[in-house]
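The following blocks contain the structures, represented as structure tokens.
Here chain A shows up in two complexes: once beside chain B, once beside chain C.
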Partner chain A sequence: MDISLLAQFTVNGLMLGMMYALVAVGFTLFFGVLDIIVFSHGDVVMVGAFAALTGHYWLTGIYPDMSMWVELFFISCISIITVAAFGMIMAKTMILRLRSASPLNTLLATMMLGTVLREAVRLFFPGGSNPKPFPVLLPDISASFGDFTLRFDSVILFVLGALLIVSLHLLITKTKLGMAIRAVAQDEETARLMGVNFTLIVLITFAIGSAVAAFAGVMNGLYYNEINFGMGLLLGAIGFSAAIIGGLGNIYGAILGGFLFAGLQTLGAVAMPFASAYKDVFAFGVVILIMAWKPTGLIAEKTSERV
Partner chain B sequence: MKTFNQKIAITCIAVAVMTFSLVAAPNFANAKDIVKVAFIGPLTGGVSANGIGGRNSAELAVKVRNEDPAAKYTYEFVGMDDECKPNVGVQVATKIASDKRIVGAVAHYCSAVALSAVKIYHRFGLPVIVWGAVHPDVTYGNKFNEIFRVNGTMINQNETAAKFMTSNGYKKFVIINDTTDYGKAHKEYFSKFIVENGGEIIESFGVTADQQDFTAELTKIKKLDPEVIYFGGLTPVGVRIRSQMNKLGINAQFEGTSGLKSDAYIEGLGDLSEGTLSFIEGAPLEKLPGGEFFSSEYTKVGYDQAAESYGPFAYAAMNLLLDTIEEKGPNRKAVVKALNAPAEYDSIIGKIDFDDHGQNTVAAISKYVVQDGKWVLWEDSEYASGKRSLKK
Partner chain C sequence: MSTNTTNSLSGVLCSFAFAGVITALMTAIFIVESQLLIAGVLLGTIGAIVISSKFGVTSIILKSLGENENLSNALAVLVTLALIVIFYDDHYVLFILCTILLYSVTVLGLNIQLGYAGLINFSGAAFFGVGGYTAAVLSQYHSIPPILTLVIGGIIAAIVGSILLLPILRTSGHYSALVTLAFALLFKVFLDVNDSLGGAQGVDVGSFTLFGWDFGNDITIGSYDVSFYVPYVLASLVMLCVVFFFVRRIERSWIGLCLDSVRIDEVSSSCFGINIVRWKIVAFTIGNFVAGLSGALYASILGYISPANFSFGDSLMFLSILLLGGIGNLWGTIIATAIVVVLPEKFQVIQEYRLFIYSTLVLLMIVYRPVGLLPRKTRTYRPGESS
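Coming up: the complex of A and B.
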């Protein structure tokens, strides 16, 4: 395989990996603080994309001549704020209430919530059952080197995604809020005794996780220029698997898992002798092997002594 | 204990009275007998736009019939969702077929679902007219007397498509197909006819029906540099592939099947849809014998979703079913027997004439191209007149 083709596959895989990592981070954050799996997370990504699209319809309705950078900024804000608020409401009204029940109930309830979100968008968004074009808000510039085409919009999206992950890392490790989140994740009761407002921290964590999902949704829309109500389903399954192989509860694990999964998919489609139709079978198959090899994930949670 | 028994007795009487009033009320209001007919299609999921269009159209046929004072029966419409999934389709088919009050059904847009459901209709003796599924085996893969189909099969579609493409000078093709029976059969027939007509299939790629990212496959395709990318699958995936082709700078002609020809394809892509080809049986609505009537009735009811390409077929299928019930009475066996008798029916889609497999043999294929945000019949397009040209 020549070098330009290899470069193209690498760039495609990196973009895919960034999106998976952003989704996986949400799964791992929620598991960290509450030990629960929020299965609707993939569909929250989809809601984020549709919130941005609604923002686009609304803004271009009022200011038809808006510059694309300004619009991009505003629709991202609309999406992130809406979805973060939704995350908090979901945590307050559903997740925290189900705390006293078995974790299975939370799993089931969030799975059903995912279906509700999906079908709600399909039914209530105008023409929601069809794929929707997402506005082109990044410059359509690309550079070609042989078979390798590097698109400027992909570069911007990748850098923005990386910045988001770095700021999330700084937030968790360097700020007081981050310390409180880590404290709750490590030991809820002790954190409470130390004066951490447990409910507030949970709500904020859900707001952060959902906001990252919203960003992933917008990124997905800008990258593919097409969104649909079912896009969250597979994204959720992949994000969850990425979080698991990385080590559930560990943010770096989720990021590693996201890129690893994208790498596996690309490898499955490109280098394997069988048809590309089996790339997901290949990727998920390797995930199962990794899980058998490292049951607690590639980067295991440090607080495994938690009782 | 006594009071308990009394309570039970009172409840029983109350239930009986309520049931009686529910059952009897419509009969008092309406002297005609009520006959149930069913529709099955994908009402949720990725291809629901087509399913809902079909459902509305079939329901429209029932509405029009119920408004007709000459109709012998009052028809009750039952619309069911098969989600385009064989496992769900089988459940729904069993539910419909085992309901003895349902005399006949108009069913299935998705071939994969139709293929697994036909056995059930056969077992229960329910007459079913397929309105959209194009896999040949739905009618030709069995000898079931109960199964009929008003639309053509993908054999005709792909034969026309292959002849058209090769006669326009295209030689190198890459196929992307979804890995359902539907997509695989499209690949099989298109490959067969392309080779027969002197073209070459460089490579084919199977993709799953819910895949979002095609950059890996398309990067490979870019390297292969085909003249045409043929897609055997449905609109949602088609939109994604066409959009990502553009992202990767692939400049090949994009060609789809009947599964791509929907308004949703153009809506999902905007300007990028320009120049895409598709092949579908039947003629455009305005050229159908009853097209104008169908459009005006459809608009009158005020459905908020378009009838889509197969809507007229669903309407024609339901209308044929209702005609047969009117003539032979609400009896499954009589309806099956009547539809199997050689006859030619007039419908809004033109003549319907079933062969001994229940397949409508009058299946002309139309070629379409997207021009200025509309599917235009090839012969009427600026591409055919030479004003615009396809890729390469």
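Coming up: the complex of A and C.
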């Protein structure tokens, strides 16, 4: 194996892993506070990308010669704010009602919610049924080391993603809000007794998770330069898999799971050059094997089975 | 089965009348072409249901159907036969009938898994597809009789499903959902990239031949040209009857009791000496077998299958049908299948918005009426006993 090719695969894998980790963090956050899998999260990522695209159309309509960086900042803000608000509305109107339902019903309901989002974008976004080109907002510079090309935009995206994850970690572990979120995740009733406003904390958690998803959507668009209405389904499934193999309710597990899944996909493509199309088959196959080996994820949930 | 003690004449008449009404309704829905009229028929039906339940007619009908169970089952078969006779030369209607019957079979299979044993299976369409692709491969060998093709399709689906047994038995809850979900995605991607099974373009499935008679040709009886779908509909009907009978027997037997107990409380069931692992394996395998069985027949009817027929969305549709009908209720399942299949086919206006409307409806259903249209009743241990 050529060393430059290996470096190329590693960089691509890390990029993918960052995206998956950002999605998986949302799954695990929501599961933490409500014990519910919100499967529509992948489609929220897609909505984030489309919100950014709408912002791009709108801004370039008003100020045609805006600088790249300013526009990137503004469309990210537009996307994050709208999607965070959307996440709160979704939690208030839909998810909180599902708390008493059985796990299957909630999973199915949120899958249906994802379908609704997907179809809504396909039907009601102008030309939404076709893939949309995403604006190029990062400088197209790259450094070459032999056969290995390091794209400057990937580096920026990766650093931004890492910063987001670190700040999320600080928010959860160091602030009072984070403490409230952790308290609700640990025990809802005791948290209420300690004066934590349960509904508010849940809504804020959904806003945070959805904002992270929106960023992942913008990142996805910038990286591939193309978005389409159906991209959320696979992203959601991968994020869910990542959150599960890492161990639900654990942010580090979700990050680990995200990078692990990307690693598996890359490994599948590298190890089987004759059949790189099978990389997803390989990755999902290994996920099933991991579930057989570690039934509660790699970093297991700390729960006691009450009989 | 021995419920004939209260077999009153009025109950029998009531059941017959109801069957007549259903036949007329289905015929009307299939015949009417104008979208406005269809909307009218649908609104009329909903209105009739609302009004009749207001005046207690619904409960009378349900009671008389429930009292004479053998009669009701026979009437359901009669209604289907009547529809076949009415539409003997209409390919389209007969194909929709086939779809309803075979989807019902698949959902009955899922019902054993989820409704009785409580195993979530997000890859119903994948096992349906395993059956279909088995039929496609086997149809290249003309010497294999059709009935054997179907059974082999089911067996292969059960074998493929047994790969998932270990992770499913070890995991629970959301973790277990991931296993079948990952399998559903894996299966679709595998079919898309696999060249020997036709790849994303799909593969042709040869039609059935029985004693030198090709199922793919139209039949002429006397001066009537009968659609080639008629034998297929009859075959589907037979399959549904057999599977329905089989599932009903499972439900009413000690096996059903064991499965129910495993679903409701694993810990107490194992305290009573019920082998949880064994019953989960039994339920999962039977369910996949049934899905593969119906998939094999469906593929032969379609004559051509592609990975798009067996996507994750289809698995979701099967589960939603189960949920809409009321988990564990066999009749609810069949009615829900009919609604989910027929509505978008006939209501062309909503064709484009089909998935949108349908997923919104299921979503609202789960939020506001999580038990489904016809929830399963609590077991009655003696006929006529109210629980």
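Definition applied: the second predicted complex is superposed on the first by the 299 of 307 C-alpha atoms of A that agree within 3 Å, B and C clash if a C-alpha of one lies under 4 Å from a C-alpha of the other, contacts with A are read in each partner's own complex, and residues count from 1 in each chain.
Here is the rule we use: a residue touches a chain if its C-beta (ideal position, glycine included) is under 8 Å from a C-beta of that chain, and two chains touch if they have at least 3 such contacts.
As the structure is a computational prediction, the values presented were derived from the model and not from experiment.
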item	value
Fit or clash - chain C, chain B, common chain A	clash
Touched partner set for A:Gln8, first chain B, second chain C, both or neither	first
Which of chain B and chain C A:Ala269 touches, first, second, both or neither	first
Partner chain(s) touched by A:Asp280 [first = chain B, second = chain C, both, neither]	both
Touched partner set for A:Ser67, first chain B, second chain C, both or neither	neither
Touched partner set for A:Gly230, first chain B, second chain C, both or neither	first
Contacts of A:Leu16 with chain B and chain C, given as first, second, both or neither	first
Touched partner set for A:Asn197, first chain B, second chain C, both or neither	neither
Contacts of A:Thr173 with chain B and chain C, given as first, second, both or neither	neither
First (chain B), second (chain C), both or neither touched by A:Asp147	first
Location of chain B clashes with chain C - one stretch out of 39-47, 111-119, 129-137 or 273-281	111-119
Contact residues common to both interfaces of chain A (with chain B and with chain C)	119, 233-234, 275, 277, 280
Chain B residues touching chain A - in the complex, by the definition given at the top	44-46, 48-49, 52, 179, 205-208, 210-213, 215-217, 219-220, 222-223, 235-236, 239-240, 243-244, 247-249, 264, 267-270, 305
Chain C-facing residues of chain A, complex	31, 37, 94, 97-98, 101-109, 111-113, 115-116, 119-120, 123, 233-234, 237, 240-241, 244-245, 248, 275, 277-278, 280-281, 284-285, 287-289, 291-292, 295-297, 307
Of all residues in chain A, those that touch chain B in their complex	5, 8-9, 12-13, 15-16, 119, 122, 127, 129-133, 142, 144, 147, 149, 151, 220, 224-226, 228, 230-231, 233-235, 265-266, 269-270, 275-277, 279-280
Parts of chain C lying in touch with chain A, wherever the complex brings them together	114, 120, 164, 166-167, 170-175, 177-179, 181-183, 185-186, 189-190, 193, 267, 312-313, 316, 319-320, 323, 352-353, 355-356, 359-360, 362-363, 366-367, 370
